[in-house]
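Take a look at the structures listed below.
Both complexes below contain subunit A, partnered by subunit B and then by subunit C.
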Partner chain A sequence: MADTLTALATQATERLAQLGAPDTKSEDWRYVKWKPAAELELAASHAITDTDADIVIVDGALTSSAIDGMRTSPTAADCERIATAIASGERADLASVDATFIGIELRGVRATPLRIVHHLTGGESALRIHILAAPGAVADLTIETRHHGLARCSSALNVVCEGGAAVRIDEMEGGATTPETIGVHLASKRLEVQRDASLRLTTALTGGTLVRHTTIGDLLDENAELIVGGATVTTGTSQAHHLVRLNHRVGKARSRQNFKTIADDRSLATFDGIIHVDAGADETDAMQQSNNLQLSPGARIVARPQLDIHTDEVIASHGATIGQPDPEEQRYLRTRGLDADTARSLIVGGFIIAGLAGMGSLRERAQAALLRLLGI
Partner chain B sequence: MPDTDDDTIEQLNQEAYKYGFTTAVDAVTLGRGLNEDVVRAISATRHEPEFLLQFRLRAYEIFLKMPEPDWAALNYPGIDYQDIQYYSAPKTAGERKEPTYDSLDEIDPEILRTFEKLGIPLEEQKALSGVAVDAVFDSVSVATTHQQKLFDAGVIFCSFSEALEQFPHLIERWLGSVVPTADNYFAALNSAVFSDGSFVYIPPHVRCPLELSTYFRINNTDSGQFERTLIIADVGSHVSYLEGCTAPQAKRTQLHAAVVELVALDDAEIKYSTVQNWYAGDKETGEGGVYNFVTKRGACRGKRSKISWTQVEAGSSITWKYPSCVLLGDDSVGEFYSVALTNGRMQADTGTKMIHIGKNTSSTIISKGISCDKSKNVYRGMVTIHPKAENARNYTVCDSMLVGKECSAHTYPYIDVRVNSAQLEHEATTSRMSEEQLLYLRSRGLEEEDAIAAVVNGYAKDVLEVLPLEFAAEAQKLLALKLEHSVG
Partner chain C sequence: MLKIDNLHVALEDGTEILKGIDLEVGVGEVHAIMGPNGAGKSTLSKVLMGHEDYLVTAGSVLMDGEDTAEWAIEERAHKGIFVGFQYPIEVPGVNNADFLRLALNAKRKAGGEDELSKDEFAPILDAALKSAEAPGAWTDRDLNHGFSGGEKKRNEILQMFVLQPKLAVLDETDSGLDVDALRAVARGINSFRGAGRTVVLITHYQRLLDLVEPDKVHILADGKIVRSGDKSLASRLEAEGYDGVLAHG
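Here is the complex of A and B:
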């Protein structure tokens, strides 16, 4: 397998060199501000001691012991998935091919959430995590990316939910100290959901020098369910980008995209999502929603909710809104005796809480982290 | 009665596109190909002033440097720009070499009959309806009706050639002011080779007494059509302008690359409606048809000005068209209402851009796509709120209806907001027209055509009801006719 991986790594390096750095002429990178990322001065890496998680990674290197169901080298099936990722040309995938590999196999019903924490303290790093939920597996996972110092990281997350599996992943990315410690993170997530399986991925995201999450999901069989969403907060001059592609390959499957974003100060936040329905994928049920609050005159929000429908018997809809905290709602709260700041904070806070409603064990911490960013 | 199967097929084709005939007229052409000499020759043939020749030459230089856009979700063989005739004008009845018409008597009677057949009577005594028509045949305008009545009201409505002769200062001032020559590849091409088109000027505080209309007819199947429309609505004025178009049924494709520029000054309103029914190519093979690459843009320059685009797109094998509004004036309003129907192997990538720059500007986008057979229907829209556009509002609905398993519908909106006082709402749905719906209506006694029309009219009601009355009935019939053999 080592030879296969070496060959894939060579292939990925060549493809990366061939593609070069993405620029704003590419539709997928059109709104990304590259200059701050290019000028980023990385902090020096340093050691972190963390005993509060099942799997601890520091700057791309595994620092904790192996747990049940975990492996550190890819299987043939993993290599096939890596080859598919290389073919897609997504930069984070290409950069993560020969990175530290963590494979996790979920079986049966897991009583407590599996906690993974990736600490970024500085320097350059890459990480690849493959999660396989076996038929009938039921599990909650939390994946945190904690930024301690300006770092540059590429990460790839591959999740396969086999028949009847039910997996919930709470994901959180932010500064362990302040948002200014968040450097560049390009994350690529590939999600496969098979017959009768269900996968819910909720992300609490903080903007940084450049934070970009690409999520590509495939609903491969009937009664598959894929729900992605979350809440994003950008402040200062930070930027955060969500690129989501959910593909209905067969009919009678269900997908939901529900993203809520708040942009403050002079920050930039974008959402670029597609519902794709293949020809013949009849009785698809798909919905996509992007709601955005713009708190400052200098902030910028871009929303691109898109539909790509190749058959007629579908329910597919999308919606996007961009606005400010509703003055009517604020007035109502003030008539109940709240001062203006509290009324506004409640509405903004409620917006974030709604975005993270799908989370499990990480919800309270994620809510608190995003609210803290906004001074709430 | 048809004698053979071939005759039957031919008859069905004619029913499907009854405007697919060709008129045999002698034409003055410049031959195939595009180079600087052709650009100069078009200008010389039309006796244009020096400023316009320079405008064309600058555009041609830009065109040569620009790449053909490839970002649209369209798939068509490359266009051979050297295999197109860029100028084709019917000779006058008196065999004059220069195709300018001083009266209807000088027009080849075949051309008059052509417009009669298309339902556009040009003779004033027949043109009794409240619509003034400018008829454009290939590269030239052949007639404009009701000019005197309009002139009495102070309204200028004439061909572009006539405007150039009589009001060159207006052309020089406004031409390219909304769509610059370097705006895009097809606008640059049009700016270099455009021939005729319509010009409208509505003086201050005048409400145009008639609906104005231009009817574009491509007759020469070897030529393209590159017309230019310029409408200026001065302070406090109002005008409603209608546009229709057809082309012969031919195996060759024809390129239509037009530019439409609208300018609305303070408190002015322009309502621009289009029923586009160019030949869409063979339903089975996709062979032939018009490539419709059009740049349409309106500038709401004045305070409280309003520009409203309404379009029913039912023809063309390829459509690349995004009528837009630049909302510069404070409190200005932009609207876009569209029904785009694709069937056979048609491909349409159409939508709008609303660019909010002034304060308190608002825009509405209602887009209804209908895809049938093996066609592709794309809505592509952009709403941009600039940093100084305080209190901007936008409401967008872009719905798609699919009829059949082999067609596709795509929605690609861009929403870009750079100020924190804007309110934007965007929503889209996808639905289908099913046999069950039609069966239900037919069980209530409706003929198939009426049942289809009822479903389509209900779906597209928001758009059809803003069309001028004369066009709304035609548009409803056209949509029902196009769907007739696609449903079921």
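Here is the complex of A and C:
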């Protein structure tokens, strides 16, 4: 297996060199502001002691774990998935091929959430996590990326939900830190959902020098369900980007994309999402929604909801809104006695809370972190 | 309690909607305002609440003898004015119970009273739920979000019971309600009025007035109150329609 991985790493390095750094001529990267990322002065890495999670990673290095069945080298199936990632050419995936590998196999019903924390203190790092939920597995996971100092990181998360598995992942990036301490994080997520399985991934995201999450999901069999979404807040001059591609490979499967974003000051936030339905994937049920609040005139929001449907018999909807807090909502709250500022805060806060409604154990902390960023 | 004198209201573009309304409602009274579509009924309710899109061009609105002209929207709520809207707004992500406590605390703070903790607020909310005959589960839901049309109207009644205003203006609260919900709302309004509160009902239908007996009924047409009378006026409207009543005087 080590030889296989070495070969894959070589392939990935060559492919990365061939592709070069992405630029705004590429459709998938056209809204990314590269200059701040290029000029980033990385902080020096330092040690972090964290005993508050099942798996703790610091700057891409595994420092502790308390998980039965966790492995640190890929299986043949993992290697196949890495090969697929190399073929697709997503940079974060390529950069993470020979990074620290963490493989987790979920079986049965897990009573408490599995908690993974990745601390970024400085320097450059990469990380690859593969999660396999075996048939019938039921589990909640939380994955946090906590920024302590300016760092540059590529990460790849691969989640496979086999038949009948039900997995919920709460993801939080930024947390209590401010955008000024968040460097560059390119995250690539690949999600596979098989027959009768369900995967919900909800992300609370804070903008940084450059934070970009790519989510590629495949609904591989009938009655598969994939729900992705969350809430993003960008402030200052930070930027955050979501690129989402959910592919319905067969019919009778269900997907939902529900992303809410608030951009303030002179920040930049983008959502670029596609529902793709293969030919013959009849009776697909798919929905995509991007709702955005622009809190200041200098903030920039781009929303591109797209459908790519190759069959006739589907239910598929998509939409996007960009606006300021609704004055009608504000007025309604004032008629009940709230002053204008409180009413506005309540509406903006409610927007975040609604975006994170799908979260489990991480919800309250994620809500509090994003609301705090907005001074609410 | 409420005295409206020669009230003229226009939109920013100059279109006049209310053209000289005179209305006086005493403490503890229930008045019904009926009128054809576009007569200005909802505009009147919004003006009473201080909606900025409507300009008062002449006349006055007095509440307990005080001129309301300079009162901001929230100040009107603090002073005891409540409007149950025809189309209550949905506010996703804002928990109903949290919002109700915030609203009551805003009113208490304005009145120089201490704000209530969650524990202190709980019995008030329970009592309001009981009075409004609203399910307890509504307190866990977001404000009007995902509520049916009828549920939203009943949630307005719940808010009314929490805030205990002096004056409640209920704008077509009966529309969209099924028979059981209509009866529940009527019981709520009767219990509210029994506590010495004042109610102005804006409605199209006599069915609500069969359950909540008004002290006076007014017909608002083309921006003016053109007829006033007792409950029998509503019965005549039901039988003859606006054209018939207005034609025969």
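One rule holds for everything that comes next: the second predicted complex is superposed on the first by the 371 of 376 C-alpha atoms of A that agree within 3 Å, B and C clash if a C-alpha of one lies under 4 Å from a C-alpha of the other, contacts with A are read in each partner's own complex, and residues count from 1 in each chain.
The criterion applied here is as follows: contacts are C-beta pairs under 8 Å (C-beta built on N, C-alpha and C of every residue); 3 or more make two chains touch, one makes a residue touch a chain.
This is a predicted model, so every value here is computed, not measured.
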Fit or clash between subunit C and subunit B when superposed on subunit A: fit
Touching partner for A:Gln324 - first (subunit B), second (subunit C), both, neither: first
Subunit B versus subunit C, judged by how many residues of subunit A each one touches: B
Partner chain in contact with A:Leu150 - subunit B first, subunit C second, else both or neither: neither
Touched partner set for A:Ile301, first subunit B, second subunit C, both or neither: first
Partner chain(s) touched by A:Ala269 [first = subunit B, second = subunit C, both, neither]: neither
Angular separation of subunit B and subunit C about subunit A, which is computed from CA centres of the superposed model and rounded to the nearest 10 °: 80
First, second, both or neither for A:Glu27, with subunit B first and subunit C second: first
Contacts of A:Val314 with subunit B and subunit C, given as first, second, both or neither: first
Gap in Å between nearest CA atoms once subunit C and subunit B share a frame through chain A: 16
Subunit B/subunit C common contact set on subunit A: none
Residue numbers on subunit C that touch subunit A, as the complex places them: 49, 51-52, 72-74, 76-78, 82-83, 85, 88-94, 99, 102-104, 106-107, 110, 142-143, 145, 159, 163
Parts of subunit A lying in touch with subunit C, wherever the complex brings them together: 326, 328-329, 331-340, 342, 346-347, 349-355, 357
Contacting residues of subunit A [partner subunit B, same complex]: 27, 31, 279-280, 292, 294-324
Complex interface listing, subunit B residues touching subunit A: 71, 387, 400, 402-430, 432
